[in-house]
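Okay, so chain A shows up in both of these, paired with chain B first and chain C after.
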Partner chain A sequence: MASKITYASEMEMPFSPVSSGDMSWNRTGTWRYIRPKYEDKTPPCNAACPAGIDIPMFIGLVGEGRYDEAWNVIREENPFPGVCGRVCFHPCESHCNRADYDEVIAINALERFVADQAPPLEAGSPVRGRREERVAVVGSGPSGLSCAYHLAKMGYQVIIFESLPQPGGILRVGIPSYRLPKDILDKEIADIQAYGVEIKTNARLGGDLSFGDLEEYEAIFLATGAHVSRKLSIPGEDLEGVGSGLDLLRDINLGKTVHIGRKVAVIGGGNTALDAARAVLRLGGIPVIVYRRSREEMPAFDEEVSEALEEGIKIQYLTGPTEIIGTNGRATQLECIKIELGGEDETGRRRPVPIPDSNFTMEVDTVIVAAGEEPDLTFLPEDIRVEGKMVSIDKGARTSEKGIFAGGDMASLDRTVAHAIGFGKRAAISIDCLIKKRDVNSVLQGVQVGENGILSMAKYLSEVTRRRSPHVVAFEDLNLDYFEHAERNERVKLPVSERIRDFREVSAGLTDGQALKEGERCFSCGVCNGCENCSIFCPDLSVITDGGVVKYRINYDYCKGCGICIAECPNNALSIEKEAK
Partner chain B sequence: MKRVISGNKAVAYGVMLSRVQVISAYPITPQTTIVEELSRFCAEGKMEAKFIKVESEHSAMASIIASSVTGSRSFTATSSHGLAFMHEMLHWAAGARLPIVLVNVNRAMGPGWNIWTDQADSLSQRDTGWIQLYCEDNQEVLDTIIQAFRIAETVNLPVMVVLDAFFLSHTSEVVEIPHQEEVDGFLPRFEPQLRLNPDDPRAYYGMISPNYYMEFRYKMQRTMEETVEVARSVDEKFGHHFGRTHGLIEPYLCEDADVVMVTSGTVTSTSRVVIEQLREDGLKVGLLKMKMFRPFPMKEIKGVLKGVEKVGVIDRNISFGHGGIFAQEIRSTFCNEDQRPMVFGFVMGLGGRDVTPEAVEEAIRYTLDNPSPKEEVIWIDLKR
Partner chain C sequence: MKKIHIPKEEYMVPGNLACAGCGSPIGLRFALKALGEKTVIVIPASCMSIIVGGFPYSAVGVPILHVAFATAACSASGIRASLDMQGDRETTVVAWAGDGGTFDIGIQALSGAAERNDDFIYICSDNEAYMNTGIQRSSATPYLAWTTTTPVGNPKERPKKDIMAIMADHGIPYAATACVAYPEDFIRKLKKAKGIKGTRFIHLLSPCPAGWRIASDEVIRVARLAVETKVFSLYEIQDGEAYTINYQPKGIPVEEYLNTQGRFRHLTGEEMAIIQENVDHQWSRLLKRCEG
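And now, the complex of A and B:
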């Protein structure tokens, strides 16, 4: 420690004001009154992803050309990068901070790019230690497969019962192959099977299979989707030539021969309606979409509406069908009424109000109804509670019956592939908690990303993860001095004339060069990507950059809390706190 | 090896031969070619030195203060406004007692902007605690750099080596470039008494209370006083090694002179020729070249000028409100002496205006012809 030296004369003094003793006791970090710390925050894309993908992490790896690692990062949360990279409605992009700078990151295209680089997994891929408990999953849609995938990786013995002859659920039978080629789906299902998931097809619960058959399983996850087409409740729905969008798409997807006429009215404004119309176009028909509200209210993904319009599909907005008129039992005309929009209804959309005496008719050969879908819950035992035509579940995807879980379209109105995948993950965690006798509510709280219930499997499974604050990084949190303006890299789409000939995929993937450039555009909001700015700027050489889970750390022996590291961090990956004295 | 090189190249060779370890500099006319040459030496591997690029002269000096504290032989060069920008750090280098060598190419201060020679820049730094040595020709420039490191590392004070813009910096003449082994024999490796060392952590340059601050200043002054003798001895040893010396001051034809002209920088060479011609005409005129300005070698000056009736001082500088700075210093040297010369202060050649033989002769004849100066400041070759 310090000792006071008294000099009697200048002769005793050194020639320069330098301490005569060792000063290692005085580590200058003691001068600090504020303390910087590395603290990853929540990127808005991640918080918006229903499947909970760690988006900046995988994009950072893409930017470095480390595609296989990027693939693994995605697949920690979601076994369907190839599927989602094509069909997801990408809310991540709607929340991307880059929108305020130039253009949002092409996250969806990057996800697909990563998936398209990945070779098939070999059967018997390693899991985290085999467990004897068996879990039954009913339904092999995105939700069921996601749940099975996560449980299998945890070591459980998982079997999926699928009513149709092929697995995939809505991905198989609901989405046409011009949006999702079947080989992509096959590949990703095979990758899930590589962890030992068994899939029994043609096994319908309530048919060949009864609830009693499932009693031997430790847990059951119900994910049978919503496959019952809602009726219009207008006269003429039973006429020949009237069918549902779901049936049409299912028949096409399963390779059945379908008969449609030349003039086809498609009723509805959701993805099913759009897909049905585009499928009709590819089969040689002339579809007209009849929708009772305007484009703004259409529940279909905007991109799909745009593509349909590009392809020349006519959409008759503000039009409601009132009757299907037939001749000799066959539909020949559709009577409609014009509609204006009134005040907001319970869904927040403007209520359609028919305009009196505005009826008109259109000639039709075929009418396809796609006005919404509902789950078929007839197979459920009575003691499983149902609410509003859906299975009632809690935050842990638990039904009212112990050991029985449910998710996806049958249990929620958030009917997207990404939401279904998120449900599967939620159920997998919850089932693991049931088996390991953990309190699922506190577990789920601990593995949340952001504050909207998005879950991180990576957090759930690893003992040491980097602390990530729930603060969702805003545009203002970033230091933009370190980013250059750069154009978004877009996927190339087939010209319309080629697209509509058959069911070939509309969008091409990004090229290698595009993906690298796009990867570099990412702001990496709230996630340290090792740019070393903090280390370069630190005047006290107190940033230590030697690996570990936490890449960088601060040597508080010498850090004086000047805060330059925080100011110069482009990504908002550092925080400041008051020094505890 | 004899080569025809500019003053700035002579600086670069001097720095290379001194085995400088760290260079940090920011380019400014007319110093730029020094930096260019040194960075080339570093890039080509002729020098094993770290060349630190910086955004300003202040940072350049700050950088080599840091490198010097670690015990590395360190160098920078600048000019005019660059030197002014360094001002704070000049105090720092001296107060920290660091043996840094800086070359300043004398250039006028703006505005009006002027890139030509004038001593205002270096003389404005008179009181920063730096040793200042003014050079007359390119050989002296090269030799003085090598000497400067030896002086600096002996007394632990920084040295400013000064040369005239363009008249030296960009004018080529024959220079003898010594062999590296010869220089190594004269200038040993720098072994600092104090060296910033993580294995022996000390607090450097912390707060000093009024209780001791003055003593540090006293030590600097004492060292400055001793530096005259150290520099003389270094020059003498240099002479043993290389066969030439430059002196701290150089009297020329002063023994019987009635009038002695005091000069510095390249004006000395011009004056030498004029005085030789006037001697042929029978006029008893001598010359005193001032190389060392800080410390001011009063004893040596007295030895030459004592008994001289009249002294004319040529200043390529002006301290506004007083006069030429060398003239002031010469006057103050004698003010307590019973026998003191009449001092004539001439100001000429500001902002790079040529100091012609005619101008020098005018000053000499003024001094010869007048028993005392008619004005405190005598402006030569001024349009008025």
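And now, the complex of A and C:
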């Protein structure tokens, strides 16, 4: 740094006034009364992702063609990008700021794209340093697998006990392969096993093994899902030709031969009903979905309903079954009653009210009941507290019994794959805290993304990187001058005629070109993506872009606090602070 | 996202004396990135005389000659002649003057040099008034804008002088407009100018937070709005004849530009409508010139 030049006398001064030093002695930083600082903020998509994926970070990498790194960013939080990129109901997209500009980013499709590029992991993939403590996980659904994955990466010895012959939970035995091909699931489970997770199938807690067998483990994570189909409680439910949606899907998914008739009534409006109906269609039956309320109230994801309708499946709304009528012990008719919607019930949905004397019958040879599922908690020891047919847990996924944790469908009504994955992560952090004797409540507080309890494993594992303010970036916070309108890149779906012939996957992935273009559309809300506008427009050469944890630094020796860097940041990744006096 | 790519090299050091948020050092920094180390700059009296630092210091890593207010062009002619005599064809001579120094007091020297087609690049960094001496109107000040010599109630009733047309009619090989909010366009034009012999003229729009009555962080945004509203268009003219528009503006209503600035705060709706008409007229005139 140049210092001030002092001439002892006029004689020392040059004959003509020529500069011999530079201006860097002049610390213009003293002029400043406001101070810009780099501060990443919370992207709305990230704050809405139950699995806590750092979405702008991975999409930014996709936009640069760095697919492998993008994959790793997703997998810091979620071991199932290929699964979620297909079946997640993507609340991230409903919160995307791009909605106010043109169309939301195809986050779900990008996630799948990234996963589809990734090669399988090799067994013995590196973990963060081996630990001797052993943890048992019960149930190999997304919740159990996610917990096992995170714990194994932390170095723990993890074993999963699964009652069925194959791992995966609902991903394996619920969701049919036209939405989630089995090889995708196999690959991602194998990737989890690559970190040393052991999976014991045909091992049912409460049958093949007991709680006593699990005493040697440091902690137990229960994630046994909700697999008991709710009954309709109408006459005729035990006739031949009547079965549950979940049983049907399980049999299909495990490759058993199933016998279904031609005229099939599927009762319910959730994912199970929709998947059962679509599976029936693919097996040659003609399904009719019978649902008590209207489309708006259907708990199934909207896209699933649309796809079913595209495939020509009839949905009989505002219709409630009253009796299954049989001949010689076999179901032949379904008696229903018409329904109108009354006032709101405790779930906020409008209450179905039967219209007197509106009964009618439908000819059927099969009735599939898909009116919701409940957890089977009969195997639990008595001292574990249960509430409302679910295991009760606290913020740290802890049950009332020390060392026993629970999550996923058995402990929550947020029954989605992403939530299940989030629960697994929460339990992994909580178990790590138990073992390391950390106060889990304050730890969880510190690793939140936004304010809705979404957790970041990246934050948990390294305190320094990607620190972000909890402020969730709003549309108005962005500088839109750096964006151009661009169409959303959609994935192509098979034509209906081809789709319904068998269980082949309905949606194709994005192409390379589409993914790149889609990646570039991302606003990267609150996350610096290295565009360098701050440095380009700095009148005082006070933005230093020499890398480091945060990409850029401000040289406060010279920054005059004009604020151009903040204003020209497209992503709202800088903030302003009053200069201390 | 539109990412801006500009050369990494820096030829300035921090510590300059510009007000916070001033467009001038931003423009100069871009210019040097385009022209490189082998550049000599002539600066007549203007804010830039102060910004670059006083004797015996400089914030700029290339030689600068400070000259009298009216003499940017003739000083550049002289330096060029001297370099030529020394056999130095490599060094680019640049005159960097304000709008007062170009549109008004320096126009005689500039016109003379352009007529002789003297070999240098003249950059007029236009902040639309005599800012260094306290915001007096120049012939580059926009119609009806407030300045200390056109106070509210005593408006500037003449439009901004069309310096580009004047320069083009000298038949010089290259003239172009540029704006500090569009660094890639500016840098491309300077690189192109560097490869041409003769008088090359760049009219650079560079907002002044103090004089335009805007916050220091708004300089780039307001400059961008000037372009997007067609108040200031980005184009180039080859050999005084061939006009090319380099950026298709969004054509946002001028009101949105005027409303960002305190110097236009007194305008009535009617006056804004007149300004919109003028802008539309200027734009159609430009389009006609592009057609040839």
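As a working rule, the second predicted complex is superposed on the first by the 554 of 581 C-alpha atoms of A that agree within 3 Å, B and C clash if a C-alpha of one lies under 4 Å from a C-alpha of the other, contacts with A are read in each partner's own complex, and residues count from 1 in each chain.
Here is the rule we go by: a contact is a pair of C-beta atoms (placed from the backbone, for glycine too) under 8 Å apart; a residue touches a chain by one contact, two chains touch by 3 or more.
Please read these numbers as outputs of a predicted model, since none were measured by experiment.
Visitor: For A:Asp557, is the partner it touches chain B (first), chain C (second), both, or none of the two (neither)?
Guide: second
Visitor: Once the shared chain is lined up, is A:Pro570 touching chain B (first), chain C (second), both, or neither of them?
Guide: Second partner only.
Visitor: Contacts for A:Phe15 in the overlay, against chain B (first) and chain C (second): which applies, first, second, both or neither?
Guide: first
Visitor: I want to verify the contact counts: of chain B and chain C, which reaches more residues of chain A?
Guide: Looking at chain A, the partner in contact with more of its residues is C.
Visitor: Let me test your reading of the model: by the given contact rule, A:Phe475 touches which partner, first (chain B), second (chain C), both or neither?
Guide: In the superposition, A:Phe475 touches no partner, neither chain B nor chain C.
Visitor: Please indicate which partner A:Ser24 is in contact with in the superposed arrangement: first for chain B, second for chain C, both, or neither.
Guide: The answer is both, since A:Ser24 touches chain B and chain C.
Visitor: After superposition on the shared chain, which partner residues are touched by A:Glu532: those of chain B (first), chain C (second), both, or neither?
Guide: Touch status of A:Glu532: second partner only.
Visitor: With both complexes superposed on chain A, which partner does A:Ser542 reach: first (chain B), second (chain C), both or neither?
Guide: Only chain C is touched by A:Ser542; chain B is not.
Visitor: Across the two complexes, find the residues of chain A that touch chain B and also touch chain C.
Guide: 14, 17-24, 26.
Visitor: With touch defined as at the start, can you tell me which chain C residues reach chain A in the complex?
Guide: By the definition above, chain C touches chain A via 1-4, 6, 10, 12-18, 20-26, 29, 52-53, 55-59, 61, 64, 183, 209, 215-221, 224.
Visitor: Looking at the complex, which residues from chain B come into contact with chain A?
Guide: Per the stated touch rule, the residues are 95-97, 156, 193-194, 200-206, 208, 212, 215-216, 218-219, 223.
Visitor: Within the complex, which stretch of chain A touches chain C?
Guide: 2, 5, 14, 17-28, 31-32, 479, 481-484, 520, 522-524, 529, 531-533, 536-542, 555, 557-558, 560-564, 566-568, 570
Visitor: Can you tell me which positions in chain A touch chain B when the two form their complex?
Guide: 7, 9-10, 13-24, 26
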